[in-house]
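Both complexes below contain chain A, partnered by chain B and then by chain C.
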Partner chain A sequence: MTADVLVLQLANGLSFGVIFALIASGITLMWGIMDFINMAHGDFYMLGAYGIWLGLVIGIGSFWLALPLAVLGVVVIGLLLRVSVLRPIFDRPPLHTLLATYGAGLMLQQAVLSIFGPFSKEIALPVTGQIVLGPLRYPAYRVVVIVVGLVLIAAVGVLIQRSTYGLWIRAVAQDRAMTAALGVPVPRVYTVVFALGSGLAALGGVLAAPLFGVSPTMGGEVILLAFIVVMIGGLGNYLGSVVGGVLIGEVIALGAIWLQPTVAYLVALGLLLVLLLVRPAGLLRSAR
Partner chain B sequence: MLRVSDLHVFYGKSHVLWGVNLDVSPGSVVALLGRNGVGKSTTLKAIIGLVPAHSGRIELETATGWRDVTRLPSYERAAAGIGYVPEERRVFPYLTVLENLRVGLDRLRLTPAERRHRLDRAFALFPSLAELLQRPGRVLSGGQQQMLAIARVLVLEPRIILLDEPSQGLSPLLVDSVMEAVTRLGREGTAVLLVEQNALAALDVAERGYLMDKGAIGHRGTSAALLADPRTLDRTLGVTT
Partner chain C sequence: MSSLVRPALLAIALVLLALAPWLGGTYATLSLTSALALGLFALSYDLVLGVTGLVSVSHATLFGVGAYGMAIGMTKLGAGFWPSAALGIAAAMAMAWAIGFFAVRTSGPGFIIMTVIFAHAVESIANVWTSLTGGENGIMLSTSRVAFLPGVDLHFTAGSRSAYYTVVACVALAWLFSRWFVASGLGLTLRGIKGNELRALALGYRVGRYKVLVNVVAGAIAGVAGILYALSQGFVSVDMLRVLLSIEVIVWTILGGPGTLLGPLVAAVLMSLGIEYLRSLTSQYLFVVGAVTLLVVIFLPEGLGGVIGRLLDRAAKETRS
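This part shows the complex of A and B:
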């Protein structure tokens, strides 16, 4: 193995990791703050990918123009799901919301399957060409994924740290009842969290679509890892989910230097299992 | 200001409040006293909406008249003018003192000057808080947390404050300053419903008192009348005057 391969795989790991981080940060917000496990979260990722594909198919010429529309569309679907399925059962035991969101996810997958068919779709890279750094050549689009993903993750992080809704989100994560007793409209905070979470997952899907293609089952492929990332990062810890996402991306990418991709995936899962045994509360502290 | 009528509360199958009736008039300090476990804190939690009322009514007097808040979620009760300082203080451990104060304050659409004014009033009452603005809630001492818990409700300028065991765990000096703050609130027009283990200290600052026993109000009267009835105080509270 040369140093070049190592650097390229580190960069690949970062681009995978940013996509994992986008999905996991949405889960950690919903789980840590609303105390609710959204099994349909991977399907928001899938819908984001279909959204960008559809946007390009119906004639929105630019990937970058279709991106916000795809994300917005998924946020709207997410909020409709919250109002129609989740709000009526919000105070029920966790198993109810778990099953309800699992069912909702299956419905979304079946709807996509019925409308767009079972075959995966390809999207042309919106940024072609390569970035040359000395002897290294690296696909420009992957650099774009890293930069756009990290910038938007940071933007949401700043929102959580600096805005009033961010303050309320942190307060709800620490003591929901007391936040409400101070007059904060907690259901509205949940709506904002749900919109942010579904938007982040959709953004992950949009950015992943040109790299991995678009298929109805793509959400299921990432959701398990994303949940593990959340546990590694510390439940409800936004920064932790980003660190966990990048970590898992790097483990898979670096493992692939020496191992078959499926074996690398298994090794990554094994390492994460060990990490959880050693630090059950995650790398960073839980928000609760 | 606040009227509670025939309030019943259950925890699961346990019937814990058995028809509580009480009222607090504007600007008055009213003490709710009783031994441990008789339902004082549960009464306050039911008024703010942290435990649901099984039956009965909780009404708040607002600018437009009496409003039934019994079925409102707690954030709407707080917005209607009920402030709550819990027994355990429950400051947000990972928010700074200033952020703790902002949680409720940011909900109000205040001008920067009005906001500053409200914070200054709270700091006038508890000057040491002004020195701790950037400290996270978890590193504060018990007394500082108590001051913060009261201050974060005071800045909202509620019509009535439900104050649960404010002297618990505090040094005698701090108890005096908290009780002085309670007296001052009443003078400034904020009603206070005070739950307190230290019955004599509570009756000293309150105009009236309710004595609770086994989930219901057993006795009521002015503080002077209750203090003049040592047998009842001894029987209900185990207090000898």
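This part shows the complex of A and C:
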């Protein structure tokens, strides 16, 4: 192994990590604010990938034009789910929302399977060039993934820290009853968080689609890593999920130099187990 | 009157259970045998969810690991039935201990998520480690004849009556054991943890250890259930330890009434027969399974027992007024 391979895999790890972070941050936000474990989160990611594929197939010529449409489409589906089946059970214990979201996710998966078929679909890279840096050549699209992902993650972070809604979100996370008593429209805060979370996962799916292809089971493949990331970052900790995402992305990418992909997943799991022994509250202390 | 209804119902159920393989054909016997093994699986989960109030999404992992342990012992290691079964049960218990050990280190919903992580991880391993698990194809069990006792062979060919009665006997034993377990001092502690975990902690109980313990006990029974299910089917596949099955057993337990032991057992038998029938009708049966999961949570969170109880109460009030 040469230093080139190492540098390339480190960069690949960053692009994986950004995609994991996009999924995990939604899971962690939903838990932190709504005490809600979303088992359908991987399916939002899958729907995002199908959204961009569909957008390109029906003739939206540009990837970058189809991207916001795909994300918006998934957010609409997520909000429909929220008002139709999840609203009546939002105050129930986590077990009930977990089962409901699993059931909904299974239905989404089966619907996609019966409409689009079981076979994986390919999307051409929207950015084809290579970035040349001294002796190293690196696909430009992966750099785009890293930049777009990080910018949007940061944007949501700023939204949470600086905007009125962000203030409300953090207030609900700390004390829901008190926040409601002070006049904050808690249900609307939930809706915003649900939209943000599903949008971030959809964006992850859109960005991942040209790299990994599009298939009905892609959500299930990534959800294990997303949950590991969430636990490493500390449940409910937004920044933690980003740091954890990048960390796990690097573990997977560096592991891929020597190991099979599934074994690399197990290394990620092992990392989490060791961390649980040393720091049970997560890498960064939980924000809750 | 109600004092007569219960023993009468119990007697009818027992007679039906005893006669079932003579009334139906081979296929009906096979379906019932598998369904009863799944009922045993749900009974063991009730100790975790119903009695202790622990939400674990990895119970099918224990069911499947038990079956794989036995299948690997019989086919790959060439061991006899009893050592292989012991290997399967030990593997399920070890898995239950490992999941519990790490899951109780996290707080609150971290427990749930850790069980989700383990369930997904074991499912991917079973899919990928083909030299051990046969991957998507699973492991065929070559032996249909099991040396149960010296001189007594059980025939585990599909739909055999001896297989059926073995499973019925195991279910009955496990039910008696579970009733004793719940009523014992240990069971009281577990119910105390469900009632108020903080208080149990404050009283000096090592709640984490009890949680791991109940997961291991239930894991052993789930391992037995997995072995019986695999024997009745003649093979072990990844389907047995999918997260989907862990979710289904939660739904069955809720439907049957958590903590009632018999309720989840009956619900699991009926629901799994229903799914089996559905699977023969449409390849889209998973869509229906998802819809049922959703509908049960929204409309029947107290289970069928809760609904029937409420209806009876209402009827009693109306007759009184």
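Heads up, the rule we're going with is that the second predicted complex is superposed on the first by the 288 of 288 C-alpha atoms of A that agree within 3 Å, B and C clash if a C-alpha of one lies under 4 Å from a C-alpha of the other, contacts with A are read in each partner's own complex, and residues count from 1 in each chain.
Heads up, the rule we're going with is that contacts are C-beta pairs under 8 Å (C-beta built on N, C-alpha and C of every residue); 3 or more make two chains touch, one makes a residue touch a chain.
All values reported here derive from a predicted model rather than from experimental measurement.
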item: More chain A residues in contact [chain B versus chain C]; value: C
item: First (chain B), second (chain C), both or neither touched by A:167; value: first
item: Contacts of A:57 with chain B and chain C, given as first, second, both or neither; value: neither
item: Partner chain(s) touched by A:230 [first = chain B, second = chain C, both, neither]; value: second
item: Chain B versus chain C as contact partner of A:10, first or second or both or neither; value: neither
item: Touched partner set for A:158, first chain B, second chain C, both or neither; value: neither
item: Which superposed partner A:83 touches (first chain B, second chain C, both, neither); value: neither
item: Contacts of A:103 with chain B and chain C, given as first, second, both or neither; value: second
item: Contacts of A:257 with chain B and chain C, given as first, second, both or neither; value: neither
item: Complex contacts: residues of chain A adjacent to chain C; value: 31, 35, 37, 39, 85, 88-89, 92, 94-96, 98-100, 102-107, 109-111, 114, 220, 223-224, 227-228, 230-231, 235, 260, 262, 265-266, 269, 272-273, 276-277, 280-281
item: Contacting residues of chain B [partner chain A, same complex]; value: 48-50, 73-75, 78-79, 84, 86, 90, 92-95, 99, 102-104, 106-107, 152-153, 156
item: Chain A-facing residues of chain C, complex; value: 55, 57, 102, 105-110, 112-114, 116-117, 120-121, 124-125, 128, 244, 247, 250-251, 254, 284, 286-287, 289-294, 296-298, 301
item: Touch list for chain A against partner chain B, complex; value: 164, 167-168, 170-171, 174-175, 177-187, 287
